[in-house]
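Consider the two complexes below, in which chain A is the common component and chain B and chain C are the respective partners.
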Partner chain A sequence: MFIIGELINGMYKKVAEALLEKDATYIRALAGAQVEVGAQALDVNCGPMSRDIVGDLRWLVENIQKEVDVPLCLDSTKIQAIEEGLKGARVKCIINSSSADKEKLDLYIPLAKKYQASLIVLTMDKKGVPGNKDRRLELAAQIIEAAYAYEFPVQDLYLDPILLPVNVAQNQLFDILESVKDFKSMTTPSVKTVVGLSNISQGSKERSLINRTFLVMAQSYGLDAAILDPLDGELMNSLITADLVLNKTIYCGSYLEAYKKSKIK
Partner chain B sequence: MFIIGELINGMYKKVAEALLEKDATYIRALAGAQVEVGAQALDVNCGPMSRDIVGDLRWLVENIQKEVDVPLCLDSTKIQAIEEGLKGARVKCIINSSSADKEKLDLYIPLAKKYQASLIVLTMDKKGVPGNKDRRLELAAQIIEAAYAYEFPVQDLYLDPILLPVNVAQNQLFDILESVKDFKSMTTPSVKTVVGLSNISQGSKERSLINRTFLVMAQSYGLDAAILDPLDGELMNSLITADLVLNKTIYCGSYLEAYKKSKIK
Partner chain C sequence: MAEELKVLDRACLKIYELTMGACAASGGSRKKILKVGGQSAMPFLFEEGEIPHAPLIAAEVSDIVEDDCPFVLKNALKGLTDKPVDWAVEMMGEAGADLICLKLQGTHPDFGNKTSKEAVELVEGLLKKVETPLIVLGSGQADKDNDVLSAVSEATKGERLLFGDVVQENYKTLTAACIADGHNIIAESPIDVNIAKQLNILISDIGLPLDRIVINPTIGALGYGLEYAYSIMERARNAALAGDKMLAMPFICFVGQEAWRAKEAKVSESEWPGSGNADTRGIMWEVVTALAMLQAGADILTMRHPQAIRIVKKAIEDLMKR
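What follows is the complex of A and B.
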C-alpha cells in the first residue's frame, strides 16, 4: 500500500497560516512527521485561501524537499501551479489531478510525460461524478485510451474512482470497491488506483473508524495507494495489518513494531 | 452479517469448570451477555475435556434456551452429541460441522434435513485442508452436489473455507477471501458462507486487530456469518461499520449507538 500523507493542505488552519507567514519550520516538521510514521509520498495542496497558488505551491515544494526525499503529490486545480511545482521538484512527482474530459487529458498527460511524473485522473467529467460502476468503467476506458494515444506508461497512471461520503452516497461504496478491482483488470500491466480516503467520512462522527474500515476493504480489492492521515495510529495499524493479511509483507509476531522501526532513520 | 457468539466453548477454562460443576448460572449469563451485544446465534461446544459430550451438549442446550431464544450452533465432532442437542432444542439449530467426505455428508445432510437445521460444511476432506482456491472450489462443488441430491435447501448450507492462522498460512488468506465470493456464485439462490474468525490469529500477538481486519475484508467479499467473540468491542464496532459501508444498514450519525440500543431488550 502506497501511503500519501494528506496533511500539507491549506484547508487546515495551521497550514494556511504557515503559508501566509511563510513558516517553513512548521511545514518541514509536518512533512517529517508524516514520513516518519510511514508516508511514502506527500500531498501538497495550497488550500482554498491561498491568494497566490502558483507561488505558494512552489514555495511548499522547495521547503518540503529540504526536509524529506519522498515523491510529492502536487494537488491543485490550477495547471500552472502544478507545472511550477514540477519545475521546482527534484523528486518524482504525482500530478493530482486531471478529470476524464478530453481537453483536460490533452493538457495533463503531456505535462506528466514531459516531467516524467505520475498522473492521478478522477473518473468524472463535466457531466459530474458517476452514479454507478458502469459509468466509472466507461470513463476509465476513455482515460486509458488517452494514455495509450500519448504513449503514457499505464503504470504511472492512477485512476481515482472518487470516494464519496458515506452520509450522502452510502449505496455507491461497494461499486467503488469493485471499480478498484475492475480498473486494475483493464490493462497489462495494470493501471494503478488511488482514493482520497478521508472523503468517505466527511460529516460523520466516527471518522477514523469509517476511514480504516473502508481502507482495509479497498486494500483487499487491490487498491494501490491512498491519500490519508498517516498520524492516525489506528488507521496505520489497520493498514499494516491488512498488508500482512494480504501477504504483502512477511509475518512476524511483532509485525507492527517491525514496521514502525523500519520507518525511523 | 450473522453473528455467532463463540464463547460457550469448553476449551475456555471457566466454561469447562461450569460444565463439570453443572453451573447453569454461569452458562446462562454467558449466553445472555453475548446476545445483548449483538450475537444472533450461539456456538455450543463442550470442549476437549468433556467426559460426556452427549450429555454435556444436551445440558448446555437446555440451559442456554432458558436464557435466550437465538439459534444454537451445535459444535461437535460427535454426531450423536449433535443429534442429542437437536432433540433438546426448541430453537432453529445450525450443525457445526460436516466435512466434504461423502460418508460424512451422507450422515449430516439427512440429519440436518430431519431436524430442519442449517448445516456448516468445511471444505476439507480426509486428504486434509486445501492448499489453494481451486481445491476449495472442487470440494465446494462436491458438497453442493450432495445437497442437491438430498434436496437440501442451499440457503441452509453454510460453506466454511477454513480460515487458517496468519502465522502459518499467510499466503492462503487471500485465496480464502476469494473463495467466499466464489462459493456464493456457485448456486442460485446462493449458499451461505461462514468462518471461525478467531482461528486467523491463533498464536499471534495482535489478535483483535488481526481478527477485525480480516473480518472487514471478508464482509466486503460477501461473507454471511462468522463465529466470533461478540464481547470484543473493537471487533463489533468494525463489523457494524463494515455493514454500514456495504450499505447493509442505514446510515445515521450515531449508527454505533443505534446498533447497540437495538440489541438491548
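What follows is the complex of A and C.
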C-alpha cells in the first residue's frame, strides 16, 4: 500500500494560517511528522482560503522539499498551480487530479508526461459522479484509452473511483470496492488505484474506525494507494496487518516494528 | 520469445553488502578481505540487476573429528583431521576454498570439553597461517558457546570475522560480543522465514547493524528437505528484493555438514549393493546440494570434500560469466 499523507491541506485551520503567514517551520514539521510515521508521499493542497493558489502551492512544494525527500501529490483544481508546483519540485510528483472529460485529459496527460509525473484521474465527468459500477468502468475505459493514445505509461496512472461518505451514499460503497478490482483487471500491467480515504467518514462520528475498516476492505480488493492521515496509529497498524494477511509481507512476531524499520527512512 | 518472458523484475532494495576481514589499516591483520551480498537480483539473473560478488566457498574444518565421519571424507583428508591448522591450509591451497569455516566442536562438554583458552589458541594459530577472514562456529551447546565464542571474539577484536550461530533462544551474549569486537554474526532459524525475520529484528534491536548479519536458513541435503530449504530462501530473497530490510541479508548454507549426513553419501558399496562407487556418490551428493543452494540464493557455502569444492568452484566461475 502506497501511503500518501493528507495533512498538508489548507482545509485545516493551522495549515491555512501557516500559509497566510508563510510559516515554513510549521509546514516542514508537518511534512516531517507524516514521513516519520510511514507516509511515502505527501499530498499538498492550498485549500479554499488561499488567495494565490499558484504562488502558495509552489511555496509549499519548495519548503516541504527542504524537510523531506518523498514524492509530492500536487492537489489542486487549477492546472496553472499544478504546473507551478511541478516546476518547483525536484522529486517525483503525482498530479491530483484530472476528471475523465476529454478536454481535461488532453491537458493533464501531456502535462504529466512532460514532467514525468504520475497522474490521478477521477472516474467522474461533467455529468457528475457515477451512480453505479458500470458507469465507473465506462469512464475508466475512456481514461485508459486516452492514456494509450498519448503513450502515457499505465503504471503511472492512478484511477480514483471517488469515495463517497458513508452517511451520504452508503449503497455505493460496495460498488466502489468492486470497481477497484475491475480497474486493475483492465490493463497489463495493471493501472493503479487510489482513494481519498477520509472522505468516507465525512460527517460521521466514528471517523477513525470507519476509515480503517474501509481501508482494510479496499486493500483486499487490490487498492494500490490511499491519501490518508498517517498520524492515525490504529489506521496505520490496520494497514500493515492487512498487507500481512494478504501475504504481501512476511510475518514475524514483531511485524509492526519490522514494517516500520523497512519502510520508514 | 513470448512477450511475458521478456519481462524483467526490478528490485527496490539491495541485499546488504557484508564485509569479512579487516586489514591492518582497519584494525585487523587480514591480507585478504571478502565481501558477499550487495545484489539487486535473484541468483545469476544479471539482466535484472547488479550481482557484484560471486558466492564463496568456506571449507569446513573442525577441531575434533567425530567417530562417525564418513570413510570417503576421512580418506580424502588423510592425515589432516587431527591437525586443524594444516587441514585449513590444505583446503585453502590445493582445494581452492575461499575461506575457512572452523567449527569448535571439541569445546562441547560431551565431545572433548576443550576450554576457551584452547579455542582461542587454535583460532589465533589459524589466523597466522591464512590471509583470509574466518568463520568461527561454536559447538551448539548454548552456555559453553557463550563462553568460548565471547572469548574468541575478544581475542580477535577488530578482525571482522563471522561468528555463529545465534538462535532465537540464545542470541544476546554473542551479539553483544560481536558488536563490541567489530565482528559479523550468523543468525540461524529452523527452515522458517518468520523466525529468520524475527531474529534479525531482535539482533538489530540490540544494536548490531543489519549489514553485519548473515542468515543461516538451515538447509537439508538432496533428498532430505532440500526443496523446502530452497523455497524458504527464495521467498525470503524475493521479499528482500521487494523492500523487506529485515530479510535483506546474505545467506550461508551448511552444505558439507548436511550432505555428509545423508545415507547416500556415507554408505559403502559393499554395504549397499548397486548403489555405485561410494567416492563419486558422496562427492556428487555434496556437489548437487551445493549447486541447488547456489540457485536458491546462497552467498556462502560451507563444504567438506576437496574434490566437491573444486567442482562447485568451477561451476560458480561458469555461472558468474555474464
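Assume the second predicted complex is superposed on the first by the 260 of 265 C-alpha atoms of A that agree within 3 Å, B and C clash if a C-alpha of one lies under 4 Å from a C-alpha of the other, contacts with A are read in each partner's own complex, and residues count from 1 in each chain.
Convention: a residue touches a chain if its C-beta (ideal position, glycine included) is under 8 Å from a C-beta of that chain, and two chains touch if they have at least 3 such contacts.
Here the structure is a predicted model, which means the values were calculated and not measured.
> For A:251, using the defined touch cut-off, is the partner it touches chain B, chain C, both, or neither? Pick first, second, both or neither.
After superposing on A, A:251 lies in contact with both chain B and chain C.
> According to the stated criteria, A:111 is in contact with first (chain B), second (chain C), both, or neither; which is it?
neither
> Touching A:49 in the superposition: chain B (first), chain C (second), both, neither?
neither
> After the superposition on A, what does A:209 contact: first (chain B), second (chain C), both or neither?
first
> Look at A:154 in the shared chain and tell me whether it touches chain B only, chain C only, both, or neither; answer first, second, both or neither.
neither
> Of the two partners chain B and chain C, which one touches more residues belonging to chain A?
B
> So which bits of chain A does chain B touch that chain C touches too?
Touching chain B in the first complex and chain C in the second, residues 250-251, 253-254 of chain A appear in both lists.
> What residues of chain B sit close enough to touch chain A in their complex?
My answer: residues 166-167, 170-171, 173-174, 177, 200, 204-206, 209-210, 213-214, 216-217, 219-221, 237-238, 241-242, 244-247, 250-251, 253-256.
> Where on chain A does chain C make contact in their complex?
249-254, 257-258, 261-263
> Quick one: in the complex, what on chain C touches chain A?
These residues of chain C touch chain A: 193-195, 197-198, 201-202, 204, 235-236, 239, 243-247.
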